[in-house]
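When the chains are written out, they are named A, B, C and D in that same order, and each has its own residue count from 1.
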């Protein structure tokens, strides 16, 4: 069965990819991008990677589609048909592809347990997670503690993206702002968003709380089931963005004001860092959670819980402020 | 079972090719960015395919079942990080594209170069 | 020795400070520094025994490569020559700058003393790296002097000057030095040379070639173009450049390399270096012929310098003790002779603004003392007995005869004739020519009518007469210099 | 302090990284600059402490979260990373000290905290790469530094910076992804991500195809990020249109960190294990290096804009560094590492002079700089001295690396002679394009329109002269960089001292 599913999904994936590249209308391309991410999520799930599938769905399908659409709203909808240096591109691309395929000629078996990948470091994690952390989800154990430094770096990548977008879009745009003031009719508080469309308003009212609840569940249930800071942050951000779409951007800003976004972003990163520093102060190494509590195992669990919270806070803060930065753009 | 594995790698190569082509050949900046994110997601496919073990399951313990074959958790952790790196790059790229649209009034690479020459 | 380099640098700083206040104060400081330098070098010269052998090490750059100074005889001669002539040149340039009221004179004197500091460094360098360090500093400190006027022609001339010197030094000299360090592990100047046994066969010729053409300042034929191009500089600078510091540093460097890196006997046995005297000979002949056709006085003197320098290179190339003495002596004699000629040219230009040869008709009557000095200098160039030039040519000739090197003998004879051909007519016209009035002697439309002018200003005259007197004195009292050189020949 | 000594590597990354969230919240004007400069100085201080530890021969290892090496992430600092740490933290401190006036003029107060946060994130990213000993961790910190650099470059008021930075983003991400593919393939064959562990396990599988392909991908990816000649298209515009202090910082260290990775992977990992890797490496890299030196220098010779001229000269210097490495000999590698140090010094000084000029002159085209030396004597004197160091006049830092480079070339016999000709031609071209600027500045006639410019503000001038004089200090007493780079060369070539 999984063989059939694998082949089907992969071919579908390639077809969607080619469709994206050939699509002239950028809106179509973005929608296909969403489908592309969902296909990737299912393939990941098929390959026993539930955590990654959840992230790909939440981040790939959810947030990136929202960001692309926000950007499209501000720029051209349709791509001008102008493929510039086609032959050069084909040549470069085929050489890279040949180089990659050349690598697979050797004895690369798919899924055989004796491959070096599964012999060396991998199994050590599987045995020792129970001993050190006693939590079922090994991926969260590695993410949180064994390779916690990677996740700290990861957190700061998101933080940099947030900083970058706020910095770039912080300036007042060059568009002749005086004309813009007069042209766009002052959107009254009520006419914003989809308030007076019946269906979205009703379903939205129902959906938003459920999404936020699910987000919190994913956040704090990361050790037992697939989930964790990144996924939770993305889901919570998606929930609030849905609320913004329904009630209008100013309403959403009243719910989660700008200073709180900045506090969330910086607070999360600081929380993660401080957990590491506290570990150092208590005599362990940087990011060593076993010293956090008297019993090392509870210390590890406490550490993982805290850093997942930090990650969740920062990711949601960053994604929301990016959305607001884009959304605020077309007001001017 | 063997040719399926190779099919996964060839799918990875094909996706890489498509993404890379879009980045180089397309002049629309947003299409370039989409190509770039596709290029990166191809790499995610490579890593996760590596981690799969025949009839293994997700690396999560269940109380009852003791002897379980689990797929390798490490590539999954790496890809979790790589996905978020990808989205951050896309977010920053889109921010720059919006600024370019405001400064130049177009997001076609050949038009922007033209404006600069004048 | 450290003070020999230190004094001019301190002098430069002092001039910079004092310069803004008043020109007299600046002149005083310049003379003071020059005097102090002569005093220090004389001190070194007198107690030669004690000071010469110990090596003063300033800095260790990389293990094996150090900045070190050593006062050996050859260095001392060159340092003494440079310091004495610097005093005279300072006197002259103060007068010249006053007379022509040149712009930003402070910068002029600051770079002047920096150049002298670099020359002292070259003179006392104890290894190849220090030599290269001060050699490059000399190039850089003289560039602003050459481009002093700042107008289009002088900037272009300075560009050629810098271009040729940097190309040769980075292109050939640096690789040669590093090759020597790679071969022998050290670059120290050791009497009898250090390349013995490390290298043989045609590669020696190649290494020597790299050195000879690397030291662009020695102006051997293909790399001589910077010398005439530097003529755009004001005359005291040309005097410094072509008689005292720059060219002499180049030839001195080659002498030091041939004697202390290759070593006399090592090169004597080596067949692949025979080409050196022939290249030098070719330079002498070609430069003299070109000088023959020159109309501008300073350009003629420049080409004559190119020829005279190659005398020294040719003499060194013959690897013979007598010729070596002749070469080192020629460094001194040519310096005195050429500086007198340049001083005279400067004086003529200051007073009468004349630069072309055909304008000098009958100038002897107006400027008797200047032209007297000019004649002594010219005779010294040709090598007529009462002047010092004769002595050094005599030694080179003796060396050539001893090794029966017929090509060199022929070159000496032919070049002496050529020298006579382009110097004597100038002297003859100056003394016995009739001063044509009106326009005809300014054929090329240079509107410089014969204006009433008297002898050159006092200060310049003193300097002129001093160098002329020295040229004559050296003829009679060249023994002490020769003894100093002989001490070198015996490897002291 | 000794209690903290064993935490130094973690502090080295932790300090810049964890102060960024605090700085982003500093609203009061000027405070964010002060905090950023203070953090940068403290990071430089830690780097000096680490170098001292390395020089004393300590093996500086640190395992994050107390997990043993192949399973957890390990940090390790050796001579090679120590010298790079000094360059990066030094360049950042110097650039920040000189940045206040220019950033105040170019970026409005509300966005300055964000700018300085991005700056520290870039610094933390570079330092993270240098300290880390885990392949994937290097990728994460590479992303942090790249994203932060894109933000910094796009920060200026010049609109042309935006397309330039977009091109840099695209090419940088492709480079990083190539690197990721390379690690993936190696992980596929060896099962580990820790560099030391990987080097041990790569020996058995070194003849198999994925490893060769991985070596190819990693080299191309890192070459793309290090602007090695054919892949350098993003660098000139990015450095030209970025705000000047950013160029001072990035020019001195961003390409160097990628070169550090390139040499680390090619020599530490692939060199001893892949069969004829050294021949493959020199046959592939040497022509590129020679092409870089000659083509980039000639492009610089005809360049009108001063900043792009120095950007092309940076690409040429990357060629020198790779030329030294491609000789695959102990002296060659020493020359390559010491040129990283010396070029960082010279280029930082030159760009600081450009910063001084930028505060006074409208645009930085050479013919609009005519006769500027009269009004700005100190700046142009600094530019002249820094230019001499770039050319490699004896007594300057540049000369030391030229000396090592030519000595290394001499061991290669006839090929060596060819290399000497290339190096000589390169430095003569450098003489040409720098002299064009100096001649225009000193002897050019000030064109009528130019208004009377005063001397540059004292703050920037002092910093500029500090760096210029350090060029000459390390020219005359280069014991520190030489010992570090020869130790680094020995580590790279496998004979661990």
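Following the convention adopted for this analysis, a residue touches a chain if its C-beta (ideal position, glycine included) is under 8 Å from a C-beta of that chain, and two chains touch if they have at least 3 such contacts.
On a predicted model such as this, the values are computed, not experimentally measured, just so you know.
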item	value
Partner chains that chain A and chain B have in common	D
Remotest chain, chain A as reference, centres from CA atoms	C
Between the pairs A-D and C-D, the one where more C-beta pairs touch	A-D
Centrality ranking, top chain (CA atoms only)	D
Approximate Å spacing (C-alpha centroids) for the pair chain A, chain C	76
Inter-chain centre distance, chain A versus chain D - centres from mean C-alpha coordinates, in Å	32
Intercentroid distance (Cα basis), chain D paired with chain C, Å	45
Mean-CA-position distance for chain D and chain B (Å)	29
Chain B residues counted as touching two or more neighbouring chains	16, 20, 50, 74-75, 78, 81, 85, 88-89, 92, 96-97, 99, 103, 109
Residues of chain A whose C-beta touches two or more other chains	100, 104, 108, 117-118, 121-122, 125, 147, 150, 153-154, 157, 160-161, 164, 168
In contact (per the touch rule at the top): chain pairs	A-B, A-D, B-D, C-D
In the complex, chain D residues that touch chain B	136, 139-140, 143, 147, 150-151, 154, 159-160, 162-163, 165-166, 169-170, 173-174, 177, 180-181, 184, 187-188, 193
Residue numbers on chain B that touch chain D, as the complex places them	16, 20, 23, 29, 32, 36, 39-40, 43, 46-47, 50, 74-75, 78, 81-82, 85, 88-89, 92-93, 96-97, 99-100, 103-104, 109, 112-113, 116
Residues on chain D engaged by chain C in the complex (per definition of touch)	388, 391-395, 400, 402-403, 406-407, 410-411, 420, 424, 427-428, 431, 435, 439, 443, 476-479, 482
Chain A to chain D touching residues, read off their complex	99-100, 102-108, 115-122, 124-125, 128, 145-150, 152-154, 156-157, 159-161, 163-164, 166-168, 170-171, 262-263, 265-267, 269-270, 273-274, 276-277, 279-280, 284-290
In the complex with chain A, residue positions of chain B that touch it	1-2, 4-22, 24-28, 30-31, 34-35, 37-38, 41, 44-45, 48-54, 56-62, 69-81, 83-85, 87-92, 94-99, 101-103, 106-111
